[in-house]
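Okay, so here's the structure we're looking at.
Chain IDs A, B, C and D follow the sequence of writing; residue 1 opens each chain.
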Amino acid sequence: MLHEMIKIGIVGGTGYTGVELLRILATHPRATLTAITSRTEAGTPVAGMFPNLRGKVDLEFSDREKARLDECDVVFFATPHGVAMAHAQALVEAGVKVIDLAADFRLQDIAQWTKWYKVEHSARELLAESVYGLPEMYRDQIKTARVVGNPGCYATAVQLGFLPLIEAGIVDPAHLVADAKSGVSGAGRKAELGIMFSEVSDNFRAYGVAGHRHHPEMIQGLAKVAGGPINLVFVPHLTPAIRGIHATLYAWLTRDVDVQSLYEERFADEPFVDVMPSGSHPDTRSVRGVNTCRIAVHRPDGGDLVVVLAIIDNMVKGASGQAVQNMNLMFGLEETMGLDHVALMP
Amino acid sequence: MLHEMIKIGIVGGTGYTGVELLRILATHPRATLTAITSRTEAGTPVAGMFPNLRGKVDLEFSDREKARLDECDVVFFATPHGVAMAHAQALVEAGVKVIDLAADFRLQDIAQWTKWYKVEHSARELLAESVYGLPEMYRDQIKTARVVGNPGCYATAVQLGFLPLIEAGIVDPAHLVADAKSGVSGAGRKAELGIMFSEVSDNFRAYGVAGHRHHPEMIQGLAKVAGGPINLVFVPHLTPAIRGIHATLYAWLTRDVDVQSLYEERFADEPFVDVMPSGSHPDTRSVRGVNTCRIAVHRPDGGDLVVVLAIIDNMVKGASGQAVQNMNLMFGLEETMGLDHVALMP
Amino acid sequence: MLHEMIKIGIVGGTGYTGVELLRILATHPRATLTAITSRTEAGTPVAGMFPNLRGKVDLEFSDREKARLDECDVVFFATPHGVAMAHAQALVEAGVKVIDLAADFRLQDIAQWTKWYKVEHSARELLAESVYGLPEMYRDQIKTARVVGNPGCYATAVQLGFLPLIEAGIVDPAHLVADAKSGVSGAGRKAELGIMFSEVSDNFRAYGVAGHRHHPEMIQGLAKVAGGPINLVFVPHLTPAIRGIHATLYAWLTRDVDVQSLYEERFADEPFVDVMPSGSHPDTRSVRGVNTCRIAVHRPDGGDLVVVLAIIDNMVKGASGQAVQNMNLMFGLEETMGLDHVALMP
Amino acid sequence: MLHEMIKIGIVGGTGYTGVELLRILATHPRATLTAITSRTEAGTPVAGMFPNLRGKVDLEFSDREKARLDECDVVFFATPHGVAMAHAQALVEAGVKVIDLAADFRLQDIAQWTKWYKVEHSARELLAESVYGLPEMYRDQIKTARVVGNPGCYATAVQLGFLPLIEAGIVDPAHLVADAKSGVSGAGRKAELGIMFSEVSDNFRAYGVAGHRHHPEMIQGLAKVAGGPINLVFVPHLTPAIRGIHATLYAWLTRDVDVQSLYEERFADEPFVDVMPSGSHPDTRSVRGVNTCRIAVHRPDGGDLVVVLAIIDNMVKGASGQAVQNMNLMFGLEETMGLDHVALMP
């Protein structure tokens, strides 16, 4: 039996999450790339801008108006925040599923949205029905969702890393530290002085200590699991690597528990979470290009402090790979379809 | 119809070409990894040493003696030079095909071999029948070969880059320059001071100006095509990147020819050579992880000088990918099978 | 008046801290490089091994036996741990001051020493009189010391970063987190697989979560200041940069204090500690090659959590620069002499 | 006797050559930084933009109009091309010496200027009297110059590398190849997509094969030395390092000459050219931050081909360091004053 192909549209394909979607979908056995839009590059072959796609993707960028996105089965928004919420309603009404890789459908609290993104939310009803696209927390809801808000990269790593501890209710919610480090591609494909090679290479720095947009997202997810307020500090850093997020998480146990077993059991059935053996230190490169979140758990000196090391590729599990994982769930496909790459090493 | 699987052995799987073979073969639809040997790591799970293979490769390293390589269909030698020539004869006699990723079956001239590798060649008869594994030059012979000498990484880029010009006999053979730049993985996975991060990063240097082992290999291949001696200088450089070779080639035309068309026609049917549009400058990253050689041809100011830019991933088209391409040819499979990855960008 | 020159010996000059001492001392107005020893390189010109010193340092490496170190005014040990303690007594008796860049004179608690360094301490009396060479804490004792134990790089950044908070007694000693990131040169100049370019580049990872030798050193210094036990977790990470340490420190206030003023006042007279304006994020590159520790202090949302960002160049303030600062103090010179470099940017 | 200080103005201090001038001049014993201008940053403290200058440079950026540049002794233009030529005449008439780090006073041939820089030259008389600021070729003229055109970075490395061969008239002028590799800082401090970290890191590529602005500059200088036309191809490449140019030069001898001696003798009295021992391969890092051009000369297999490896720091000998060297000459100071740094290693 020949399976039906899924017709896919991508809005805003000139950024890094767009080209990463193309890389993954180009070899997905059930995906047909139908349209990819760009305000500025209409008419340009996609492979002219991204030579890695030469011979792999034949599409040209097109105007959003001409792209007939309403004839697609699913549309990914790989755009800055604010775009998806303007167009999702019409697509949903046309029967098209929507997956937003930006932030428009991540925060349920409108006040938080407005505080962090500085614009009015223009699709509040759709927001209310939308599902937060972290399959390890919301798999069942994703399966039937019409709109999915794909999580932020930091939010993915930090939530997956803390999840078993918070679910089990065994850590002090007043002292949670997430010290995270990201490769530069997380800043997107844009010409900004602060992410030029000569500014970033052979350098390391923190940023956004006063506040980062992924913070309310983590709080929203983990406080819900905790069943009450949590006090989580989040400090992101920029490391001179292209891809990769390394979240180093600190929490103090309130009960003595075998945390290694706790993590192994919580994620036993998760195809994209790999709990390493006790004592491990995951390398971000071990997930370069793949959809895995790899986790190691430590209790230094056997004390009450737990240190969790959680890594992802910010472009894959932190963005486009997770979006495809969500698509697979929304269309009843095998969750891992098209996502079985092996990470490049070295 | 269910296709028969190819039973594969790898000798020396702890180096970079070994793990790269595993990465490629793990998703090859007709490959069954049967044995992987290591003198020092027998009993260690492969994925314990290379975490990118966790959940992808279940094998353990084994002693060569116990590995029953003679029951494989093909054995890859991902070893230092000198190992394959000691073991190939017995394997061939047992009906096993051999692909050597080291240098044992590259140079037909024994004097050259001895000069550059400082040991006696112990398998001269097998060397005589072996085929140089550059499919773009020797595809037919590879198909029926029992032993293939997989080309060196620099030799692959330089030969493919010069090939159309030399075949056409339209350049001055006395003035050929190959200025090549390689990422650090080309030096292999070994602890040497000169390739430590702090020595190589934020640095650039030439090496081996007095002579490099890939030089006689290029001369052997291109002089044969030229039908006479050629004077080719080769200077390799180390660039602070993990993967990638960029060969910048200089030759002076003796006749006026449309070199762009010449290259496009020569490689029109080659699945792994991509001639870019006139005026292009290929990025090494555009082939990161894939088996493509990407080429751009220039004639500055329309003069008689031709500048060819040829890039490969030294680990793939320059080593393990080309080895799998050769395997596909030797077993009558589609030449591109298992080699349809899309390069990571960025 | 012509000032007397200080005759300097360096034991073990082939490592990174050795060549960094040479770089700094080559232009120090009062230093005369008299002898530099190496077990393996006796007879080799220093500038043959380190071309950056061509035309700057004329010395050859010599055997320690022939080096007449007892005729020097001061001897720096830029050796692995265990060497200085074997030779310091004889030098001190000959009137030579000793500055050890390794760990032999850092830990006063012999049990801790043995636990972390796995050898007996062979110079306990000298250890007892030695001074820990962190001038911001022990300036007066250093001035009259015969033996100085130069602090570890991590220990320098973490202690300076926490110092004002601990001295003021205003943070909860049970919840102190030091999440530190180091460039690769901190691992020293040695051929190890884990610090090869291809292993470290485009990668990020933690290490030593179970325990690190600089940890007891931080505890020793800060617990003394605190006047009681502290519970400080320390997690080091490897970042793909050559130089630089970035310590991100977390502490919870027990009293409401203007932490910005606290830091500015504590370090107002320190020539090598720079407290940045409120809201800053220091770049490690801003101290590349210089002896400065640059600090920024944050209170996210004005809460009771303090986040301190403290950076140093691990090779300078974290090793050789601090050693020269100590030398200046020990010989009554201006503390900043020879240490007025400006960091390379970019 | 107290020496008179030189009052220095810098126009356009927010780029990399500007901050590099500041780094060097901050410790130059005879320099007084008087004014530094920026169209966009007037009022900003220099050290606010470049934290490496905190505590080293107290100046603020000022409007060019208010900067009273006519009261300086010398003004450096660290601006895009076209600025110096608009302002130099007035400064020269006010008795101020001018050193342009851009291209306005590099090319004597107005047609070449217009072809490459696309604007009319507005200071032709001053151009005619200006001197090309490569001291190794034009030291005497620089000493008395009122206007110096500081050479391009590539042009410095390529000309110094070829100089002895061309002066001696012993190479075939029809086959000269300059294959050059540059760190990314050579592109300047500006937000452009092509020089972002994620685009450049772990990548290598050529650019400008069809033509580069430094090419006519090399031709101008070397053809003059040759006393006739030369055929020199120049291909620049971008390497993922911050600083450093590595020029690999190829020429064929027409006479048998001891090229090692030729180079050693030609540069014997040059304080900033270091000819390495025969067989050497210079590392670009060995000149990081210093004004040295380091050269190694090879004749592979003793044939008629000469390979010259010439390295500089593009920011120092290729820009701001050479500009200070020129200033020293113009003011009768010791040529090396303020330029005695030792390169950072590693």
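Just so it is clear, a contact is a pair of C-beta atoms (placed from the backbone, for glycine too) under 8 Å apart; a residue touches a chain by one contact, two chains touch by 3 or more.
If you're wondering where the values come from, they're calculated on a predicted model, not measured in any experiment.
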Option reproducing the contacts of A-C, where over half of them reappear, out of B-D, A-D or A-B: B-D
Comparison of B-C and C-D by number of C-beta pairs in contact, larger one: C-D
Distance from the mean Cα position of subunit C to that of subunit B, given in whole angstrom: 46
Length of the line joining the C-alpha centres of subunit C and subunit D, rounded to whole Å: 36
Residues within subunit D bordering two or more other chains: 16, 183, 185, 189, 198-199, 201-202, 240-243, 282-283, 285, 288, 346
Interface residues, subunit B side, partner subunit D - complex: 175, 177, 179, 181, 183, 198-199, 201-207, 209-211, 233, 235, 237, 239-244, 246, 248, 250, 252, 279, 281-285, 288, 298, 300-301, 305, 307, 309, 311, 346
Of all residues in subunit C, those that touch subunit B in their complex: 16, 183-185, 187, 189-193, 195-202, 240-242
Interfacial residue positions of subunit D with respect to subunit C in the complex: 16, 19, 23, 26-27, 50-56, 185, 189, 201-202, 242-243, 274, 276, 282-283, 285-290, 292, 294, 340-346
